[in-house]
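Presented below are the structures under discussion, each in the form of C-alpha cells.
In what follows, chain A forms one complex with chain B and a second complex with chain C.
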Partner chain A sequence: MSSPEVLVIGGGPAGVSAALELARAGIDVTLCEQGPRLGGAIHRQPDDPTQSVRVPRSHKQRWQAMSDELAASTVKVLCRHMFAGIEATGAVLLEDRIHGRLVTRRPAALVLAMGAIERVAPVPGWHLPGVVTVGGLQVMMKSTGRAPDGDVLIAGSGPLLVALAAQMASLGNAPVAVLERSTRLMSVSVIASLLRAPAYLWEAAGYLLTLARSGILPRRGAFVTAIAPRDGRLSVTTLDRHGRERQMLVDRVALHDGLLPNSNGTMAGQHGPFIVRAGDCREVLGGTAALADGRLAAHAVLAQIGKAVRATKVPAAILARERQAQAALNTLFDYSGRDPAQLPDETIICRCEGRTLGQLRSMLSGDDPVSAREIKLNGRFGMGACQGRFCAEWVASFVASQRADGSPPQASEIVGSRWPVKPVPIAAFVTLPPSHPSE
Partner chain B sequence: MSDVQSFLFDGVSIPCTGRETIAAALERAGIRVIGTGQGDCTGRYFCGIGACQACLVAVDGARMEACLTPARGGLQVKRILPVSP
Partner chain C sequence: MAVVGAGIVGMSAAHFLSRAGWQVTVYDAGVVASGATGSADGAVSVASKKPGPLMTLAVAAVKFYEQLVATGILVDEYLPRSTFVVASDHEELAVLERHAGELEAAGVPIRMLKGAALMAVIGAAAPTAIAAAEVQREGHAVGYRVVERLRQLGGFAIRRNCRVSGFESSNGCITGVMTEQGTEPADAVLLATGIGSMHFLAESGLIRPRKGQLIVTDRAGADSPHFPGPLMSCRYLVSKGSQPADSAVASRSLGLVIDPLRTGQFLIGGSREDRDDRETADADVVATLLRDAVALSPSLAQLRIIRVFSGLRAATRDGMPIVGHVGGAENLWIATGFEGDGICLGPMIGRLCQQMICGESPEQDISALDAARFGLTLAAAA
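Here is the complex of A and B:
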C-alpha cells in the first residue's frame, strides 16, 4: 500500500486549507464537496462569473489564492459527493450524486469541515414558503449575482443581517427593513478586542455606510412575532423596543439568530478512522479562523499518522485572536429568539414534520421526566429529514427551561449519532458497484 | 446566459443556464412551493446549504436538495408527495 489516504469533507475555507496543508506534506488527499463547486457558504462562487456580488476584497483575494494553489496541488477534488457517515466497521460512506451510488472509503484519517448551520428561533409562520434563512438568501444572491426581488424583511440577530442588507442594497434592492433584536451597544472593551482583528470593524463600517446611504439602518430591539400568508404575500407582525406592534406586507422574510457548528452525527465510532473537525464545524469562528483551523487539523492528522509536522505557532495564534474577536462580537447580539412563553401552541417547532409547540408542551405536562429518546421517538422532534439540525437545540433548551430536575436531555442526545447523517436514497445502496474502485 | 436550456418541473418547462442549481432556476421562475411536504410544512427553499432538507425534490426519480443539485436541460424534476396524508 502506498501513502495513506486522508479524506477531507467540505470544500469551504477550512476543508481546502486542511487539504492543501496535507498535500504540502506529501499526503494523498481527497477533498469531498456536497455541492457542484468549492467555496463553501462564505466563498460561494457566482453561477455566471460576469455577475458577482460585491464581497470584501480580502475575501476575494483569499479565495483566489487558495483556488490557485489547489489547482496546482495533488489534491483530488470530488464535487457532489456528500458525507453520509461512518458505518460500524469504520468505513466512510460517501453518496456520489453524479452517479447516484454509495461509495465506501477507508482513509487513515478524516477531516470534517462541514461548516456551520444557522440558528433560527421559531416564530409562528417561519415554515412558510418565502421565509428563508439570512444565509440562505445570501448564498442564493452570491450564486445568481442578483438581489432577491420583491419586498424583503430581514430579522433576528447577528452581523450577517447587515451584511446581507448591504449586499442587497448594492445590487439595487435594499430590504424594506432590518430588525435587529439586540439593543446592546458597542462598548470600549468590545472595540478594544475588535482592534486586534480590525477587518471586522472595516467590514461592518462598509456595510453600515451602504445601509445609511439607502436609509435602511437596523431597527434595534425590534423583532418578528408572527408571519402569516396573505394574498400570495407574507403578512408580518413585529414588535419594537417600546412594545409597539406593527404589520408589514412583504414578499420574503429572512431570519437568522446566530450560527451553530454543523456537526450532527459526526461522533467517532469504535472502528472508524482518526477524526478531526475543522473550521465552523468544530467551533464557529468565521472564515479567517477556518483557514488556520484547517492547518491545525492537518497537523493533528500528520502527527497521528507519524509524519513530521513543521513547527509553527502561527495558526494557533490566529485562532486565539479570532476567538477573542468573535466573543467580543457576540456580546453585541442577542440570539435568544422569541421567549417560548410568548409563543402560541400552534407554532411549528419541527419544520420537517410540522410538529408543534403545543404537542411538545403536552408531552412535558406529565409528572415523569421525558427522556431524549422519548422526545425523538414519541414526539418526533429531531426525527425528520433535517435530523434535528433546525429544532433539536431549541427543543433541548425549552425542555431544560420547563424542568428543574437538573438533568435535561442535551440536543446531541435527542439527535443521536448514527449514520446516515443525512437521508440517502435506497437506490444509492443498491446501485452497483457500491464500493471504491480499489476495493 | 448564452447556454439556455430547460428542465421539466411537474411537467412545466423551466429555463436554466447550465451552471445554476434547480433551486435558483425555480426561484427565477417565481415558483416558491416546491413540494407538498408533511403536516403544514410545504416544500420550500430555506437554508441554501443542503442542511434543512426542505427543498427536496425528485430529480429523475431520486430525492435531492434543489439547492445543491445543478439544473440541466432535459431533467425531470417533480414535487415529492407526502409519506402520509
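Here is the complex of A and C:
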C-alpha cells in the first residue's frame, strides 16, 4: 500500500512548517499555495528579487532556513493552486491557475493554513477606490519592492499600522499620518508578558525609531469618521482624542482593525478528509506561533493516520507563550471600530452588493425577530462575490447588539459552509473530467 | 388558524386567510423560507409544464402573479419576461415542436425562432442552436423575496424555530397544535410543510425528496452577449418529464436552465436527483451542468461561480401536487408536493386554500390535485 497523501493548503510559515514536519516523518505531502510564491503574509517574497522591502533580519534568516529545508525535502510544492473547497463526495477541489483547470484530490488528511483575513470596521466612504487595507498595501509593497506613491493615510488599530508606516518610510514615501484609535497604555503586566517574547518589543522599537526619523508619530486616540471623493483624491474627516475634527486630502487611505482567522466555512464533511487547521487560520497568534502550530497540526495528522509521533512539548510551549504575548499585545489596541450608533444610514456595510447600514437597520425594525438567514437572503448581506467573508462578522455583531433576546446570530450563519470558498472561473471548472463517464 | 410551514405556500395562504378574517399563526421548524422556497430558482413559467391540469394551472398562476402586481401586493417582486427553450439537434427539435404545439393549445403565446432570427433575439445562444421556442408572457419571482414581502405586509404572526409535532383533537376535530414550545389552540390547520409533510400522513413513501443543485455566478460585464430571458435546454423538458422520454436524450437526469438574474448574475441549474442530502453539492454534477451551459451559451465561460447550493423538492408519487382535505380530522387541510413548480403556483395555491377553507368554491379547478386521490389520513403519531 502506498503511503497516504496529505495536502497542506497555504504556503505561509504555518503551512510550510506543517509540510516539513510531515515530510520528516516520511509522509507524502503536497503543499498548495494560491499565489505565485511561498512566504505567506509575513515572508511575502518580491516579484523581482532585486527589489525587496527591508524586513527584520531574524525574519529573513528564519525564512531562508525553511526554504532551504523545503528545497531538500520530499514536499511537492504547487504554487498558483487555490483550494476551492471540499465537495459532496469528499474530494478536495483545487483551481490550478497555471493551466486554468480544476483538479481534484482525495488526500487522507488536509491541513488548512490559509492565514488570517483583515478586519476593517465600516466608515462612510470605505468602499471608495483608493481605500485599501493596511495588510493589502503591505503585501503589494513586499511584492513590488516599492512604496505606494502619493499621500497615504494609515488608520485603524493594531501593530500592523506602524509596521507598514515604517516600511513605507524606509522605501522613501512615509505616510502623511498614522492614526491609532487606541489610547490604552502599557502596563507593568503587559510589559512583563511581552518580555517573555521580546521579539515583538524589538520589532516595534525598530519601526517606531524609523518613523521618528521621518518625523512621524502615531496620533493615538485619533480615527477616521468619513471619506469622500474630492478632485480625484480622497477627503478624509478625522477626529482626535479631544474631539477636534480635521480634514485631510490624500491619495490613499489604508485601514485596519485587527485580524480574524480565515476559516472560510470549510467543514469536515461525511466523506471528506481529516481536517486540521494551523497558524493564523486557526488562531491569530503571529509568525512564531504559526511555525509551532504547523508542527502541532502535523502531529495531529500523524496521530490520525497511525504514525508514531516524536514526543516533544516544545511546540505547545511556544504556542502557550505566544498566546500570552498576543493577549498582552491586544490589550494595547482597540479593534472596536466606529460605534455603529455614530454611523449614518448611507454607510455601506456589504461592499460586494453595496448594501447600507440603513437597509440593515430597517430589516431589524419591528417586533418580528428576523433570522440571520433572512437578513442574508433579503438584505443581500453576504450574497456577493466574497460571500460574507468581509462583512458577516460585523453584521452578526451589529444584529446581536440590537437584540436583547439572547439569540444573537452567528457570522457562520451568514457565511455558510458551501463551496467554492472563493470564486472559480467556469472555464476552469468545465475541464474537470467526469468521474462517472455518462452512459 | 394554524398554518404549518413558512414557505411560499404557507405564507401565501396566511396572507389571504388573515385578510379573510382569520387570526393566523404560521409555525416553522426553521425560519421563514428555510425549505425549498429559499433554495430555488424562480421561474414563474408554463414553458416546462406537463400538458394537462398542471399546464392549465400554471397559466392561471402566471395571471395571478400579474394580478398581485396590479393590486400592489407584489410590486417589484415579479419580472415579466419570455422563456426560450432551445433545441440543439433534430431529436430535441422534434420534442420542442411537439411541446410548443401543446403550449399553444393551452393558450400560451409562442414564437418559433430559427436561423438569423434566433441569433438576433438570443445573442448569447451558441451557433449550434438550431431552433428556439420563445414562450411569451411569463416571468420570474424570487421565492424568498415573495415571502419576505408577504411577511412585511403582515396581518399574521410567525413562530420561527417552532416545529409542530402533532395535534390535539377531540371528536374528530383538531383543537390544538403541539409544538416544541407547548400546545397552542387552533380552530383549523393547514399543512404547508413541503418535504416535511410525510410526518403528518399515514401513507408512507408518497412524497419523496428530489434534490436540485444550482450554481450562482458573479456579475457579467456590460459587454457580454444578450440574454433576453432564461435559456432552457430542450433536454430539461425530458428530465422534468414534461414530454415522454422516448429518445436518446432521455437518459440525462440534468435539465439545464440558464437564468439571467436582475443583479447581472446567472443561476445555472439544476439537477433532479432522488436523494436528500440537501447541504452538499458535488463537483461532478456542477461540472456537467457547466459544460452543458457553456455548450448552450459559450460566453458564460468568462464568468466565475461564486456559490453552489442545493434544495429539496417535494415530489409526489404521481408527479402532481396535493391540495385538499385530510381524512381523520374535519378541520385539517394540506397543500404540498409542488416539486419544481411551487414558486410559480405558490401564491395562487395560497389563495385557493383560503377559498377552500372558507367554504367558498375555489376560482380554479383543483380537483386533479385533491388529496382524496390518495385517500390521505392523519398519521396516528400526529
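Going forward, the second predicted complex is superposed on the first by the 430 of 439 C-alpha atoms of A that agree within 3 Å, B and C clash if a C-alpha of one lies under 4 Å from a C-alpha of the other, contacts with A are read in each partner's own complex, and residues count from 1 in each chain.
Everything that follows uses one rule, which is that a residue touches a chain if its C-beta (ideal position, glycine included) is under 8 Å from a C-beta of that chain, and two chains touch if they have at least 3 such contacts.
Remember, it's a predicted structure, so these values are computed and weren't measured experimentally.
Taking the superposition on A as described, I'd like to know which of chain B and chain C A:Glu374 touches: first, second, both or neither.
A:Glu374: touches chain C, not chain B.
State whether A:Gly35 touches chain B only (first), chain C only (second), both chains, or neither.
first
Is A:Leu137 touching anything from chain B or chain C once the two structures are fitted on A? First, second, both or neither.
first
If you stack the two complexes on chain A, which partner ends up touching A:Ala385: first (chain B), second (chain C), both, or neither?
both
If we overlay the two complexes on their shared chain A, which of chain B and chain C does A:Ala91 touch? Say first, second, both or neither.
A:Ala91: touches chain C, not chain B.
Touching A:Ala71 in the superposition: chain B (first), chain C (second), both, neither?
The answer is neither, since A:Ala71 touches no partner chain.
Go through the superposed model and pick first if A:Ala427 touches only chain B, second if only chain C, both, or neither.
After superposition on chain A, A:Ala427 lies in contact with both partners, chain B and chain C.
In the superposed arrangement, does chain B or chain C reach more residues of chain A?
B
Once the two structures are superposed, pull the chain A residues common to the chain B and chain C interfaces.
Comparing the two interfaces on chain A, one with chain B and one with chain C, the shared residues are 384-385, 423, 425, 427.
Considering the complex alone, what residue numbers of chain A touch chain B?
For this pair, the touching residues of chain A are 34-36, 41, 47-48, 80, 82, 97, 100, 115, 117-118, 127-133, 135-140, 143-144, 148, 262, 348, 351-355, 384-386, 389-390, 422-423, 425, 427-428.
Can you tell me which positions in chain C touch chain A when the two form their complex?
Checking each residue of chain C against chain A gives 31-34, 38, 144-145, 148, 151, 158, 160, 217-218, 251-252, 277, 279-284, 286-288, 290-291, 293-294, 300-309.
What residues of chain A sit close enough to touch chain C in their complex?
The contact residues of chain A facing chain C are 87-89, 91, 93, 102, 104, 269, 368-369, 371, 373-374, 377-378, 384-385, 387, 417-420, 423-427, 429-430, 432, 434-436, 438-439.
Chain A touches which residues of chain B in the complex?
1, 17, 19-21, 23-24, 27-28, 32-34, 37-42, 44-54, 56, 61-64, 67-70
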